[in-house]
Amino acid sequence: MSVFVVEQVSRRFGRRSSRPVQALDRVDLAIEAGQRWGVVGESGSGKTTLLRLLAGLDRPSAGQIRFQDRPLDLADRSSLTRLRASVQLVFQDPQSSLDPRMRVGSIITEPLRSGPLRRSGQVPTDVKARLNEVLEAVGLPQAAARRYPHEFSGGQRQRIAIARALAPKPDILLADEPVSALDVSVRAQVLNLINDLVADMGLTLVMVSHDLTVVRHVCDHVAVLKAGRLVETGPVDQVYRRPASDYTAALLAAVPRLGDRWD
Amino acid sequence: MRRLSLIMGLALVGLVVAAAAVSLVWTPYDPNLVRPPDRLLGPSWSHWLGTDRMGIDLLSRLMVGSRTTLMVGVIAVCLAIVVGVPLGLVSGIRRGWLSQLLLRVSDIMFALPALLLAILLVAVRGASVATATWAIGIATVPVFVRMAHAATLSVMAQDFIDAARSCGTSSAAIALRHVLPNIAPIVGVQASASFSSAILAEAGLSYLGLAAPATTPTWGRMMRDGQVDLFLTAWPALAPGLAIAVAVLGFNLLGDGLRDQLDPRLREFR
Amino acid sequence: MSLLEVDHLNVWFDRGRSQVVRDLSFSIDPGQRLGLIGQSGSGKSVTALAIMGLLPESALMSGTVRFEGRRLSGAKEAELAQARGRDLTMVFQEPMTALDPTMKVGRQVAEVIRLHEESSGRETRRRVIEMLDRVGLPNPDRITDAFPHQLSGGQRQRVVLAMALMLGPRLVIADEPTTALDVTVQAQVLELLDVELAAHRAACLFISHDLAVVARVCQQVMVMLDGRVVESGPVRQVLSQPIHPYTRGLIATARLDLARPGSRLPTVEDFYAGGQL
C-alpha cells in the first residue's frame, strides 16, 4: 500500500508581485509502507518544503498529495486527523523544537493530550505508562521527565524529540536533518537509535539530509532534489554506488572523509 | 550585576509599597491637618521632610499619595495587559486582515500621546484620578498589543510550534500552552516598565491639574502645589519629585532584573 | 620563535565554580595549521575566545597567551584591538550572526581596513571588491552593496572569510567555520580556506567537532575532552595510531562511510566510558 503519493506537486513562496521562489517544481514520488526514504539535496533544494507538505504543515501551490490512497485535504478535518494520528515529525534543531518552558514529561506526552488525536482513538490512553515506555525506548531515565530541555545536551534533546514523535505510536516518521545539528560523536548514537526504532516498530521513514552517507546508513530509497526538481530516485545502494546525475556525484564527493589524506 | 538590579529594584519598589501600606494605619501627622503656624518648615526631627504652605507634614502626605500612585499604576497596567496581550497574541497567531487592521489601529493609537487622550477624556468626564487612570490605561494598550504581537511571532517561528501543530494541537491550545508561557517574561518586563511610565504620566497629569483635585494628595499634585513656593523653599516640590524618581527607577530596575531571572536559559552559561 | 604560545591556560565560569579549560599549553608556528577537536562543551570555543581576549566578564582566566612574543593575556583593550582584525583574526561558526544585518557587506569588510590602515575611499572599495572576488563571490561589485540577508549561508561565510583574510593575518582562528553549512558548500569553503591560508602563509587554529573536516585542513591536531587536551600530534599519526580511548572512539564514529548500511555504528562510549554525552 502506498503511504504517500506525491503527484506533480509544486510549491511557490512569495507574492505574485515580487519574485516568487519556486521551492518545489512538479515533483512526483511514491512512498510505500515500510520503506525508508532519504531526501537529499543542498540547502534551498526544497527538501524541507517537501517534508512539511507531507506533514500537513503546508499545502502545495499545485499538484496533489495522496495519503493512504486518499487525497490529503488540510481543510477536511477527518482527512487531517487521519494524517496527524499516524505521522510524526523530528526536527533538525533540538534547541528550537522543544518548548523551553515545558518539562520533558509534558513535551513528550503532548501528542497524547491533543484533542483530535485522543478522539481518533488511535493513540495510547495511559499517558503515564506510555511516557515511561518511550523514555526507555530512547534510552533516557524516567527522572528526565521532570526536568527542562535546557538541562540536556544536544544529543539528549534529540532523544527527547524522538520520544515525543513515538509517543502516539505513529506508523510514519518524518525526520528533518535529525543529526546535522549534532556533534559527529553524538551522531552515531542518534542514528543507531533511529535505525533500531524504525526496525522494531516497523515504521515508514522519510528522512531529509544533506549528507548522502547518513542517508545510506538509514534508508533503503533515496530521492535527490536540486532547486526544487527531482533529479534522481532509486534504491540507495544503487544511487550511492553509481549516481546517475553529476549533481548526486558532487553531493557524494563533498562529504568529508577521514581517509581523504592518509589512506 | 543582574542580581543587583533585581535587588535594588525590589528594595525601591518595596519602599513605596511599604509606605503605602503603613499609611493605611499610621502616618506621622494627619495628612490633611492644616497648621498655619508650621507652614514651609524645612526638614527637622519633628517633620522629616518639612511642611508645605498649609503647614501639612510632607512625609505624611507623600505616604498617603503613594497609595494613589500605586493604584493608578496597577489599574492602568492591568487594563493594558488584559486588553493588549490577548489582542497581540491572536494577531500573531492568526495572520488575517483583521489582525492587520488591529495592528494598524494600535499603531495609530501608539502615535497619539497619552496627554492628548487624557485631555479629551477630561473634557468628556471631568478631571479625576479615575479619568487619568483610564486615559493612561488606554494609552498603554497598544504598547502591549505590539509587544505581544512581536513576541508571539518569534515564538511561532520555533519548531516546537510545528511539532505541536503536527500532532493536532488546536490554535487555542498552542496559544495557552506554548505561546503565553513563552511571552510571559517579556510581558512581565514590559509591565514593570509601563508601570513606571504610568507613574510618570499620572504625576504629569496631576501636575497639569488634569487628574487629582487639590483635596486628593498625589505626588504630581504635590509638585504642582509646591512649585508656588519654590523661591522660598524647594522642599514641597523636591520631596514628591524625589518620590516619583525613586518609584520610576525602582520599577525600571525591577523590570531589568526580572527579565534575566525569568528566562531559565539565561540562568546558566552555556 | 612560535607565533602563538599558550601557557598553562585555565578558564573558569560561574564565579570560579566550573572550570572549562584546564591547564592548556600549546604553540603554533608561523604558517602551521593546528586542529582542535572536541565535542560541544569540551572547552574548545572558550579556548578561542580566551586567545582573542573575548571572554565574557564573568569568566576567570589564568595562564599566559603570547602572540609574536607579545603578551596578549592581560594586555590593554586598545593593544588587543590593534592585533585583532589585522594580525590575529577570527572566523565564527554562524555567518548570520557574525555579520551586522543592518550594514552593507562592502562596508563591513571595509571597516576592517579603516580600523587598521589609512586608505582612501576609492582605494578601500577597490580592495574590498578584489577580496570578495578572491573568496569566490560572483559579481563582487554587486555583492558589496548587498545586505547580509540577501546572501546565502555559504556566501555569507565567504564574506566572513574575506574580512578575516583582508589584511593578511598571521593567524586565523576558525571556530567551526563550516558546521552551519551543507556538505557541498562546506567542501567549497574548506577548499577556499586551504588555498587562502597557503597564499598568505597564515597559521590557523581550526576548531571543529568533525575529525574529517580537521583532517582536510590541518597537519597537527589536539583532542580536547572536558577542558583538557588528552592527545595531540600530527594528524596522520593521531588518526592511524590513536592512543587515548576517547580519540579511538572519535575516529570510529567518524567513519560512517565504512559502516555497513543499517549496522550498528560504533559510538564513543564503546571505547571510552568516562565522557558523558
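Just so it is clear, A, B and C label the chains in written order, and each chain counts residues from 1 on its own.
To be clear about the criterion, a residue touches a chain if its C-beta (ideal position, glycine included) is under 8 Å from a C-beta of that chain, and two chains touch if they have at least 3 such contacts.
This is a predicted model, so every value here is computed, not measured.
> Taking each chain's centre as the mean of its Cα atoms, which chain lies farthest from subunit A?
Following the centroid criterion, the farthest chain would be B.
> By number of C-beta pairs in contact, which two chains lead?
Pair with the most C-beta pairs in contact: A-C.
> So, what's the distance in Å between the C-alpha centres of subunit C and subunit B?
About 48 Å separates the centre of subunit B from that of subunit C.
> Averaging over Cα atoms per chain, report the distance between subunit A and subunit C in Å.
32
> Can you tell me which residues of subunit B touch two or more of the remaining chains?
268
> What residues of subunit B sit close enough to touch subunit A in their complex?
These residues of subunit B touch subunit A: 158-160, 162-170, 173, 177-178, 181-182, 264-265, 268, 270.
> Okay, in this complex, where on subunit C does subunit A touch?
The touching residues are 39-41, 152-153, 181-187, 190, 209-213, 215-216, 235-236, 239-240, 249-251, 253-257, 259, 261-262, 264-269, 277.
> With touch defined as at the start, can you tell me which subunit A residues reach subunit C in the complex?
Contacts found on subunit A: 42-44, 153-156, 180, 183-189, 191-192, 195, 210-214, 216-218, 236-237, 250-251, 253-262.
> Note which residues of subunit A are touching subunit B in the complex, please.
Result: residues 52, 55-57, 80-81, 84-85, 87-89, 91-93, 96-102, 107, 110-111, 114-117, 148, 150, 161, 164, 168 of subunit A touch subunit B.
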